[in-house]
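These notes open a run of structures that come right after.
In the two complexes that follow, chain A is the common piece, with chain B as its partner first and chain C second.
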Partner chain A sequence: MSAKNRETANVGAGNWKGLGMWAWILFRVAGVVLVFYLFAHIGVISSARLGGHHTMNTIFKTFDKTLFVLLDLLLVWAVLFHGLNGVRIVLMDLGIGITRHKAMFWACMAVAVVCFAFFAYSALNFIADKGGAWL
Partner chain B sequence: MPVATFHIKRFDPDNDDMPRYDEFSVPYEASLTVLDGLFYVQEHFDGSLSFRYCCRAAVCGSCAMYINGRYRLACQTNVRHLDGDVITVEAMPHMPLVKDLVCDMTDFFAKYEYIEPWLMRNSQDPAKEIGQTPEERKKLDMPIDCILCGACYSTCPSVWGEGNYIGPAALLKAYRFEVDSRDEARKQRLAHFDNEHGAYRCHTITNCVEACPKELNPTEGIQWLKRAAVRRRLFGRLK
Partner chain C sequence: MRTDVLDQSRGGMWAWLLQRITAVLLIVGFASHLISTHIMAIGELSYDNIAHRLASGFFVAMDVMLLAAVLYHALNGARMVILDYWLSAKAQRRALSLALWLVGVAAFIYGLWALWPWIKG
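Up next is the complex of A and B:
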């Protein structure tokens, strides 16, 4: 281990347990995931233009497989988390509920869970209909 | 007499390569605070242990430390109120160290001074005092309790990431004067926090609220400042 100086000796310790802290970190992670997804999405849609409808149909058949449906569910969670936590932050920026931000966070997450349950139900039905091939 | 084990994080930048934890056994009775424990260690085991303190009554903010995983004032923390008899005492995380438990607060106070934390007036003062209604005074109840211990500043990820961010404590103080009915320097002070190093750098992470040993809410003040700054930009209003 390299020697520490007075600037670095104390860095990295500390407060990693606050709810707001984790909400913020996951908010950022979900945001980055959504940006990458957006580019992937544009790439897939462009395949119709660039490679013709056969290319797009082939790609879409792949996306019907179980693995990709489950990845879709992860994407749904990223959208719900990012969107609803974003609503909470907008409310806080408007001066609403700053002293009750934890309750607001859990309320937003409750809405997210309810929405997610709906999507999960649809996705699992879809997987069951398709026979459940992984890839 | 019960004995508490103090794990104290030690680091001397002039002599040590790495921080280390030293262990000391401190006998205690009902009223021992962590600060008393540190005095005991200094007197009986190791005179070179460094820490800051002053008032011993939780009003000066000198002895803020990271005790058993939470920001606390050493003078206000009774050993009996902590879980178990093992007490881990560390300097406030993420701050440059002077030695052991003593953080370098230079940046913290430079940023505090930057927002001009004093009452500024343009008009002629009245012959007696400057009157305030109870409602006007009530707005100051929360921010006026800040003791400048630096816990919020130490725990704020926006401060970790952006060295020029003036931080929750300075912004809370700006808020304290912005809501003071006697202060008349809104335009001047607004320029200090209405920028990328000021209120907008706060991402409402609320670590400062978790950390504050006086249980204040700096985020509430910072959000107020953001709204005031936006109102000023959109509508030219100062209040």
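Up next is the complex of A and C:
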């Protein structure tokens, strides 16, 4: 591979248009969201040590409100999209499926959607059963 | 060398490899983490619920592994995003890596401190 090809080979998933571009953009957006969530998550889990059991349980009660359950579902989608697109990237790096980018992408997304369905069923069931207030 | 410069702009070989290794650990770890919290314990999340889970050595090992792996993966990912747009000088890149390592180690220690009452049991 020439130096010029090397330079552009792995930037923006190769093609700055179409499906590959969107996969790259959404992967990155989800990744950045998850970095912020990680630190928020560490903060919430440390509430038990900072404020005691009751403080933590009060925060968790808020997370049972409908709005938070739906936000949580959005978070699950961010994890699944980032994770399954990441599986595709790892497979590409191993040389698996490098001639069939689009098929690989949609296969990974199909797995993500099936997994998401389980979480969505669980979350929507919870809202229907015990949900009440939005906030 | 041109190749060295290009490899640096991609974050280096070891960071690339560790990003892949932590990715695989996170796929497996998050499957366990999300199923046990979002499906098995939905609506039951509480201090005692976590205590119940962390009474098992499996979940303690899983949570500590996830904490370390996710911090590395997240901060290295943030580094890759930053390097795509900013910081071209070598000294700046080094400073960024050092800063992110400090944040990561501090967050890992803080996370362990937060989990300690459950781990101790």
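Side notes on the structure shown:
Quick note on the criterion: the second predicted complex is superposed on the first by the 117 of 135 C-alpha atoms of A that agree within 3 Å, B and C clash if a C-alpha of one lies under 4 Å from a C-alpha of the other, contacts with A are read in each partner's own complex, and residues count from 1 in each chain.
Definition applied: contacts are C-beta pairs under 8 Å (C-beta built on N, C-alpha and C of every residue); 3 or more make two chains touch, one makes a residue touch a chain.
Note that this is a predicted model, so its numbers are computed, not measured.
By the touch criterion stated above, A:V76 is placed in contact with chain C alone, chain B being left untouched. By the touch criterion defined above, A:S122 lies against chain C but remains apart from chain B after alignment on the C-alpha atoms of chain A. Once the two complexes are overlaid on the shared chain, A:L38 sits against chain C while remaining clear of chain B. Of the two partner chains placed by the overlay, chain B and chain C both lie in contact with A:D93. Between chain B and chain C, C touches the greater number of residues of chain A.
Once chain A of one complex is fitted onto chain A of the other, the partner contacts of A:G20 are limited to chain B, with no touch recorded for chain C. Within the superposed three-chain model, A:H101 lies in touch with chain B and out of touch with chain C [touch as defined at top]. With the contact threshold set out at the top, residues 3, 6-7, 10, 93 of chain A are in contact with chain B in one structure and with chain C in the other.
Residue ranges of chain C in contact with chain A, taken from their complex: 2-3, 6, 10, 20, 23-24, 26-27, 30, 34, 38-39, 42-43, 45-48, 50, 70-71, 74-75, 77-78, 81, 107, 110-111, 113-117. Residue ranges on chain A touching chain B, taken from their complex, read 1, 3-7, 9-15, 17-21, 23-24, 89, 92-95, 98-99, 101.
Taken in their complex, chain B has these residues touching chain A: 11, 13, 16-19, 66, 69, 71, 90-98, 103-104, 154-155, 157, 160, 203-207, 209-211, 217, 219-220, 223-224, 226-227.
Residues 3, 6-7, 10, 28, 31-32, 34-35, 38-39, 42, 45-46, 48-49, 53, 56-57, 60, 63-64, 72, 76, 79, 83, 86-87, 90, 93, 118-119, 122-123, 126, 130 of chain A are the ones that touch chain C when the two sit in their complex.
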